[in-house]
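Notes to accompany the following structure.
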Amino acid sequence: MIDYLNILLYVQIALCIFCLYRIIRGPSIADRMVGLDIFGILVVGICAILSITTKRSFILDIGITWIILSFIGTLTLAKYLSGKKLNE
Amino acid sequence: MKGMSIIVKKVTQLLSGIIFLYGIYIITHGHLTPGGGFAGGAIIAGAYILLILAFGSDTIKLKNIEKGSSLTESLAIFIVLLLAVLAFFLGSKIFFANYLPKGQLGEIISAGVIPLYNIFIGIEVAAAIITIFLALIIFKEEITK
Amino acid sequence: MEIISFILICIGILFNLLGCIGLIRLPDVYNRLQSATKCVTLGTCSILLGVLFHFGFNEAGIKAIIAIPLLFFGATVAAHALVKGAYLFGIKLGDKSVKDDYKDVEKS
Amino acid sequence: MRYIALFIILFILWLLLSFNFTLTNIAIGVLVSIITTILFGKYFIYGGIKFLQPQRYFWLVVYLFIFIWECIKANFDVAYRVLHPAMPIKPGIVKVKLGIKSDFARMMLANSITMTPGTITVDIIDDYIYVHWIYVSTDNPEEYSQKVSGKFEKYIKKIFE
């Protein structure tokens, strides 16, 4: 069971590369922010799977902390975005 | 600084207290689980930053808050130094020595003076991050006038 | 219990994969946010449920339960703030769009 | 009243987070909850006596099952549009009239709309809610307001208002 979970862990890490593609190639600044938001949620999934494969329950604490900080960071970026204009 | 829409305001009212309690949990369990003073202080600062972002405020009120947080930061780092120097006078003759009883393994009151250091470092980091955030906002408000 | 948790984690990673493909393929910001937010949030909730079934009701399982509502509120409100911010920033809707009621409203 | 509600929620959360029921831990939990309540109590949502009525919890459980079913349907819908080679999308922003007055219920309705088939809430102004929709199927205002928010509105009216 642990071996199959390790393979799934590699799949989840590979999904982050899609988000990195969107962060690097995004045509506008809003696309990069969408990529960053999704990246933060994927890391929570990595923490959850790691807590099973390493049998240590405190890794879930790191996951909850990541949720909170990612939420506040995205709100700050959105606030910055709504105060600017594209062609100025 | 203007506020955000009604959905963000309501969710902020619901979640800010829970985020503050989670920061305190990270600080007080710093010797049992990962985290500690710095990570918990960042989360506590996040609760206040969330309130300021969602509801907005005018410049005069922000300046008052900045004075208070700056004073809190200085007091907290002074108390950490005082706790370190206290070991010097209690007979152990070394800085940062453990002069409290160690307690039971795995309980919340154990590990001597390390939880005290964690608590005051948490307060110091939270006040410092809020001060930096407020300084950036006040600078931007003044530059747009 | 082991089998149920394994199946839940597999379903979650499948949803994550669909969301990330949508993030690459769809044409403009609003549609990308549609695909990515829904699929990735539900997939991560499914993975956390799998963790709950694996550990049972002890301290690890309880933390997985607490994480689910936080993730739900956080992800949806972040998506809403990003959409509004992107519209106020001045990014136009894509070429295929058929209707725009938000254009001539007084925005606050 | 709102201070007591916030105190109870925070104390239960502390006991669940640090999973140990000794006397020391409970005392520290009471102390921490009191500090948090004094600092953040004035911002908490004031709901009156509503959270003591048991029929609201019954409708909440019913609503949760309907909501999870709609979520799963949403994901297969979006997956079909993403994987189809021609990408059958027809996006647009529509305007839907609300039938709910209180602010907290409006927030829950907006969050529910964000999680269901191809819709994201953009803004709430006065009595209208603006929704970005990935496939605008009809042009008739009554028909699409039924499709977007009709399923949730009656349950949310029973639960939160």
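Letters A, B, C and D name the chains as they come in the text, with residue numbers starting at 1 for each one.
The rule we apply is simple: a contact is a pair of C-beta atoms (placed from the backbone, for glycine too) under 8 Å apart; a residue touches a chain by one contact, two chains touch by 3 or more.
Just so it is clear, the model here is predicted, and its values are computed rather than measured.
Trainee: Check C-D against A-C and say which one is joined by more contacting C-beta pairs.
Mentor: A-C
Trainee: Which integer distance in Å separates the CA centroid of chain C from that of chain D?
Mentor: Using C-alpha averages as centres, the distance is 14 Å.
Trainee: Which whole number of Å gives the spacing of the CA centres of chain A and chain D?
Mentor: 23
Trainee: Indicate the whole-number Å distance between the mean C-alpha point of chain A and the mean C-alpha point of chain C.
Mentor: Here the centre of chain C sits 11 Å away from the centre of chain A.
Trainee: Could you put a whole-Å number on the gap between the CA centroids of chain B and chain D?
Mentor: For chain B versus chain D, the centre distance works out to 30 Å.
Trainee: Spell out, as numbers or ranges, the residues of chain A touching 2 or more other chains.
Mentor: Chain A, residues with two or more chain partners: 61, 64, 68, 75, 79.
Trainee: Can you tell me which residues of chain D touch two or more of the remaining chains?
Mentor: 13, 17, 110-111, 121, 123
Trainee: What residues in chain B touch two or more of the other chains?
Mentor: 4-5, 7-8, 11, 14, 18, 22
Trainee: Strictly by the criterion at the top, what is the full list of touching chain pairs?
Mentor: All chain pairs meeting the touch criterion are A-B, A-C, B-C, B-D, C-D.
Trainee: Touching residues of chain B toward chain C in the complex: what are they?
Mentor: On the chain B side, the touching residues are 4-5, 7-8, 11, 14-15, 18.
Trainee: Could you list, by residue number, the parts of chain D that touch chain C in their complex?
Mentor: Contacts found on chain D: 13, 16-17, 19, 71-72, 74-75, 78-79, 81-83, 87, 89-95, 110-111, 114-115, 118-123, 125, 130, 132, 134, 136.
Trainee: Which residues of chain A touch chain C in their complex?
Mentor: 1, 4-5, 8, 11-12, 15, 18-19, 21-22, 28-31, 33-35, 37-38, 41-42, 44-45, 48-49, 51-52, 57, 60-61, 63-64, 67-68, 70-71, 74-75, 77-82, 84-87
Trainee: For the complex, which residues does chain C have touching chain A?
Mentor: Per the touch definition, chain C meets chain A at residues 2, 5-6, 9-10, 12-13, 16-17, 19-21, 23-24, 29, 32-33, 36-37, 40-41, 43-44, 47-48, 50-51, 54-55, 58-60, 63-64, 66-67, 70-71, 74-75, 77-79, 81-82, 84-86, 88-91.
Trainee: Spell out the residues on chain C that touch chain D in their complex, using ranges where they run on.
Mentor: 15, 18, 21-22, 25-27, 30-31, 33-35, 37-39, 41-42, 58-59, 62-63, 66, 72-73, 76-77, 79-80, 83-84, 87, 93-94, 96-102, 105-108
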